[in-house]
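Below, chain A partners chain B and then partners chain C, in two separate complexes.
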Partner chain A sequence: MQKLVEIASGVSNGSLSASAVVEQHLARIDVRESEIHAFNLVTADQARLDAAKVDADVKSGKKVGALAGVPIAVKDNMCTRGVETTCSSKILQGWKPPYDATVVTKLRAAGAIIIGKTNLDEFAMGSSTENSAFGPTKNPHDISRVPGGSSGGSAAAVAAGFAAASLGSDTGGSIRQPAALCGVVGVKPTYGVVSRYGLVAFASSLDQIGPFTCDVRDAATLLEVISGHDPLDSTSIPQPAPSLVSVLEHGVAGMRIGRVTDLPEGCEADVLERLESAFDALRNAGATIVDIKLPSIQYCLTAYYLIAPAEASSNLARYDGVRYGNRVDAADLNSMYAATREAGFGEEVKRRIMLGTYALSAGYYDAYYGKALKVRRLISDDFARAYQSVDTILTPTSPSVAFEFGSKTDNPLAMYLCDVFTIPTNLAGHPAMSVPFGTGAHSMPVGVQVLAPTLGEQAMFKVAAELERAS
Partner chain B sequence: MSDVAALPNGWQLIVGLEVHVELATKTKMFSASANRFGDEPNTNIDPVTLGLPGALPVLNQHAIELAMRIGLALNCKVQPCTFHRKNYFYPDLPKAYQITQYDHPLNVDGHLMLPGDVRIGIERAHLEEDTGKSTHFGGSSGRIHGSDYSLIDFNRAGVPLVEIVSRPDIRTSEQARQYVAELRSILLAVGASDAKMEEGSMRCDVNVSVHKPGTPFGTRCEIKNVNSIRSVGRAIDYESRRQVDLIESGGTIRQETRHWDDSTGRTETLRTKEDADDYRYFLEPDLVPLIPDPEWIEAVRAALPILPAARRLALAELCGVDKDGESALVVVERGQDDYVGAVISAGGDPRRSIIYVQQAFAEQGATPKVPAKDLAALTILERDAKVTSTQAKTLLTDLIDAGGGDVLAMAAKRGFETLDTSAVEEMVDAAIAAEPGAWQKYCNGEDKALGALVGAVMKSSKGKADGKVITALLQSKKNS
Partner chain C sequence: MAEKISQETVVKVSRLARLSLTSDEAEKMTSQLAGMLEHFRDIDALDLADVEPMTQPYPLKNVLRKDVEAPSLDRQEVLGQAPATESGRFRVPPTIGFDV
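What follows is the complex of A and B.
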């Protein structure tokens, strides 16, 4: 598989043709996409035009960007001007945004070639892509298994070599869990590091865009491009993007790595074994392993499944059939709303809208949403205490390797448990990333998760790079 | 316009007002689209205004400043604040929630003074965004239910609003009208809004209840669609009588929202509390808390203009008139108080200066063309009885028509001789001699007889004698 940094440097110096790179990736898509279904839409024609333009720019001596000629897939919940953006939902099927998301603008400015829009669980609600209205994505390592979710299409696109990198969004683990299940690198940056402008909102206070790549260096390179303050996003951190590539060779000597001793149970033995190997690798590289406790972590899943649905119930209320998207006609206004939303949303989306609506309702707010906000403060306090004695924390990314299709679809709670290790960082707004670290049951990939405090991306990438060297 | 009689049987009216004003910003509350009334429908729109998927709000700094001006002018505390989402479905609400302020508004705990030093508390004045404007076609009600189709103009969606919520301190419909009028003049003075009720840039919701003094407040009804200051009074008068009549006939008031119909002069049920929306307020995650810098607040406070109440007081003291009277109200409303001050500085008679301006300068704007010294000269001419008040009015018209000039020359041109007091006195003596019966009656205290004597002098002077001088002379002769 071609690395992002190799493509970008080759295209920039003229030793690689962007058009040839795009054709190679389109050829792989031709061969395997019909069985994988990573994409909702492959934008082959536009990608060829964009690649030709990059090649012309190089030939004419124009300066090209840091991602010149790199084919990148974008999760289908990020707005692309004039190109269908569906969130894998029937309610938005056919909707073409009149504007680009800030991340898409940044990708284009850096010379990246957008090769397609990737499949996801509808509105990013799910952990397997089985909630996509357009059918699931298959795990390229074993097509009887899920790729994880919700950004399963983006993870599979990179794992299958359909794109050199991709963008996903992570609300409770939707980048890191599919990265782990597909054996690629996935990063959820600090909340506010990457602009959310143009990311179709699921849970606004938790959503964050991040990269999927084949390795840690590619992830650092891509994250540097897409991060930075955006005046169009009021929650964007008003600071320049942190330098990440520069720290990758720093090693971890002297760093303190946290091991959570009160981690929720239910993790596969192989996964825990890989986590211990990761601790060994870091210890061998000169890091100190420090035991820490995160007592509130046991409440995080519950808090998340109140906060995220509450925000979603509000964010998804705009899909009412009035202005855009699909409408089901009916006798009067309220019937039209009901018919449109009944036909347009899938089961999981409806479940979460109902959950969130109840959680915010008069008489229930304090008992549910209000209490969930308290848990959110508690876990932030737990992390703050832990980070007094450690620089980063290491946990499994997912309690299991990729599971078989249908094995959790009848039991939403079992599916929700997939995110038990990833959710706490979203609640705290912290960065975390998943790095492939060997294989577990059924020879499927296992990821370990590196957690860091707010704007601790440099420490996180140092550890991730060390793990990659050791794996 | 007159108030209906006070409520019968000792019932007391309780009114609180919620006034929405559109801020006079160039752009919208959360996006760069123009904030302009009257444009072609759906031209001032963008992804944020339309609530397109992925669009995010960014606060308009100028809207915050205008909202702070309103708060400071209403004696509010300006404080750190947050934004919430108010969730409900309606076609002209693009995101299906309105971004508004809930438990931590920008401005709190202010007040506004009405004539007679009546203090009306201001609970809060908070920022929010306007909705689009729906127009319903077909059906009889003009509302969405029963209509054939509806059109929506999103130009108004996202226009910055401040909602000013009074405490329930208003006790008469007259006070309610005064409150709205005073609020409007403050909004205009601080440049926060054009406050045009007819264009909807200022809108009133009226909360009305009745009770007997010494008992708890009654259940209130909120009246919507009250679109003029006059309607505020009429709606309150109608609604309070409706409530009293209902209670006295054994009924109870339901908490509900009622619709004011200006053509029938009645309110009718719009929705009851039972079918009111649960707005599921929660903190808007797309915005961060707004913490106005104390230095910014002080700079806004320092830049506030002198407010209408203070200007009326200063003008009233200068002119020797009532600060709550019509002349001070009207002249300050027109912004002509500085001009009146200039007339008085030029030697004008204070009382006559304000009255002349009030009565004759309605079309002149804040900077009348007539030079202050010319108007001052006219007030002196009248004060010194060089011309009669009727003649003075004629000269005032001449002065306005000519845009100023020498009033003495104008008086001469009109043939307005100046009669000195001794000439008038001779005519008075002649009139007494000619009308002995009338004089006797007048001396016996029958003031009606005065008219005949004054009329006789006016006749012999051919209208050039001043009525007030004649009266004064007759008075002194009677007392001597």
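What follows is the complex of A and C.
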């Protein structure tokens, strides 16, 4: 697979044509997309026009951006002006946003070619893409297995070579878990590093956009482009994002890597074995492995599955059949709201709206939502204590390799357990990334997760680069 | 923590959430929500009395932009995406004279 940095440098110096690069990727899409279903929409015509423009700019000696000619797929919950954005939900089917998300603006300014909008669990609620209203995405390594979720389409698009990179969003693991299951790199940056303007909101205090790529250098390059303060997002951190590509060769000598001794149970043996090899590799490269405890993360599922649905129930109130999206007509306003939402939302979205509305309703607020916010604090405090003695922490990304379709759909709690290692990061607002590190059961990819404290992206990328060299 | 969730409560919550669940959906939802809420009881054992709730991960306060004119969304483009409009406005069904 062609690397993002190779395409960008080749196109910039004229040795590669952006149009030819785009045609190669469209050709791969032609061959395999019908069985993978990574995309809700392939924007082939616009991609060809954009590529021709990049080639013309290079020819005429104009300066082109850091992602010149790089085909990038964008999760279908990020707004693209005039281009259908559905969140894989019937309620938004056909909606063409009147503006671009900040990340889309930044991609275009850097010369990237947006090649399509990728499939997801409806409104990013799920861990397998089985909750998409438009059918699931298949794992390119084994089409009887899920690609993970919710950004399953973005992970599969990179793994199948449909795009050199893609963007996803991560609320409880929705970038890292599919990256692990599809054998690609996936990064969830510190909350506030990448603008959420134009990202359709799921749980606003947890959502964060990040890249999927074939390797760590590509991820660092793409993250540098999309990060930075944005006045259009009031939660955007008002300081420049750290340089990442510059630290990739620094190594890990002298770094302290945390090993969590009270990790939640239920992890596959092969996955734990890969994690141990990762610790060995870092030790051999000069890092010190330090045992740490995170006693409160055993409560992360409870905190997350109260906080995220509570925020979602509020955010999804906007789908009321009035300003955008689809409407089911009825005699009066309240009946129209209810009929529209009943027809437009899928089962998992309704389940989370119900759970969130319940957790926020009078008489239950203190018992559920209020308590969950306090548990969130405990988890954050656990990390703060741990990071006094370590620079980064290593855990599995997902407790298992990619599972078969239908194996968890009847039991919401079993599906929620897929996120047990990724959720604590979102609750704390920290960065974390998944790096491919060999294979496990059924020869499917295994990912190792590198966690770091707020704005600790440089330390995280140093460790990720070392793991990649060792894998 | 609260008693086991009843189907009556589920129906009430569905009205608050503006969802018109069918009776089959309400029944299934009741048992699934009950299962989840049962799992969530694990935090009942924690002493949280002195713990400060955490509502956001990065402490920023009163983020305001400068009071400078800037272009807003194109009115026609926005209205063009609405299910029903009339005279440059969103059109909705009757809002009064019905039970809420």
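As a working rule, the second predicted complex is superposed on the first by the 471 of 471 C-alpha atoms of A that agree within 3 Å, B and C clash if a C-alpha of one lies under 4 Å from a C-alpha of the other, contacts with A are read in each partner's own complex, and residues count from 1 in each chain.
By our rule, a residue touches a chain if its C-beta (ideal position, glycine included) is under 8 Å from a C-beta of that chain, and two chains touch if they have at least 3 such contacts.
Note that the coordinates shown come from a computational prediction; the quantities given were computed from them, not determined experimentally.
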{"item": "Contacts of A:93 with chain B and chain C, given as first, second, both or neither", "value": "neither"}
{"item": "Touching partner for A:46 - first (chain B), second (chain C), both, neither", "value": "neither"}
{"item": "First, second, both or neither for A:311, with chain B first and chain C second", "value": "first"}
{"item": "Partner with the higher number of touched chain A residues, chain C or chain B", "value": "C"}
{"item": "Which superposed partner A:79 touches (first chain B, second chain C, both, neither)", "value": "first"}
{"item": "First (chain B), second (chain C), both or neither touched by A:350", "value": "second"}
{"item": "First, second, both or neither for A:330, with chain B first and chain C second", "value": "second"}
{"item": "First, second, both or neither for A:205, with chain B first and chain C second", "value": "both"}
{"item": "Partner chain(s) touched by A:235 [first = chain B, second = chain C, both, neither]", "value": "both"}
{"item": "First (chain B), second (chain C), both or neither touched by A:374", "value": "second"}
{"item": "Touching both chain C and chain B, counted on chain A across the two superposed complexes", "value": "95, 97-99, 205, 231, 234-235, 313, 317, 320, 322-324, 332-333, 337, 357, 361"}
{"item": "Partner chain A, residues of chain B touching it in the complex", "value": "47, 50-59, 85, 87, 89, 91, 94-97, 144-145, 152, 278, 280-282, 285-288"}
{"item": "Touch list for chain C against partner chain A, complex", "value": "1-2, 5, 9-10, 13-21, 25, 29, 32-33, 35-37, 39-40, 42-43, 46, 48, 51-58, 60, 63, 65, 73-74, 77-78, 81-84, 90, 92-95, 97-100"}
{"item": "Chain B partner contacts - residues on chain A that touch it in the complex", "value": "78-79, 85, 87, 92, 95, 97-99, 101, 196-201, 203-205, 231-235, 310-311, 313-314, 317-318, 320, 322-324, 332-333, 337, 357, 360-362, 365, 369"}
{"item": "In the complex, chain A residues that touch chain C", "value": "95-99, 190-192, 205, 231, 234-235, 237-238, 298-299, 301-303, 305-306, 313, 317, 320-327, 329-339, 341-342, 345, 350-351, 353-355, 357-358, 361, 363-364, 367-368, 370-378, 380, 412-413, 427-430, 454"}
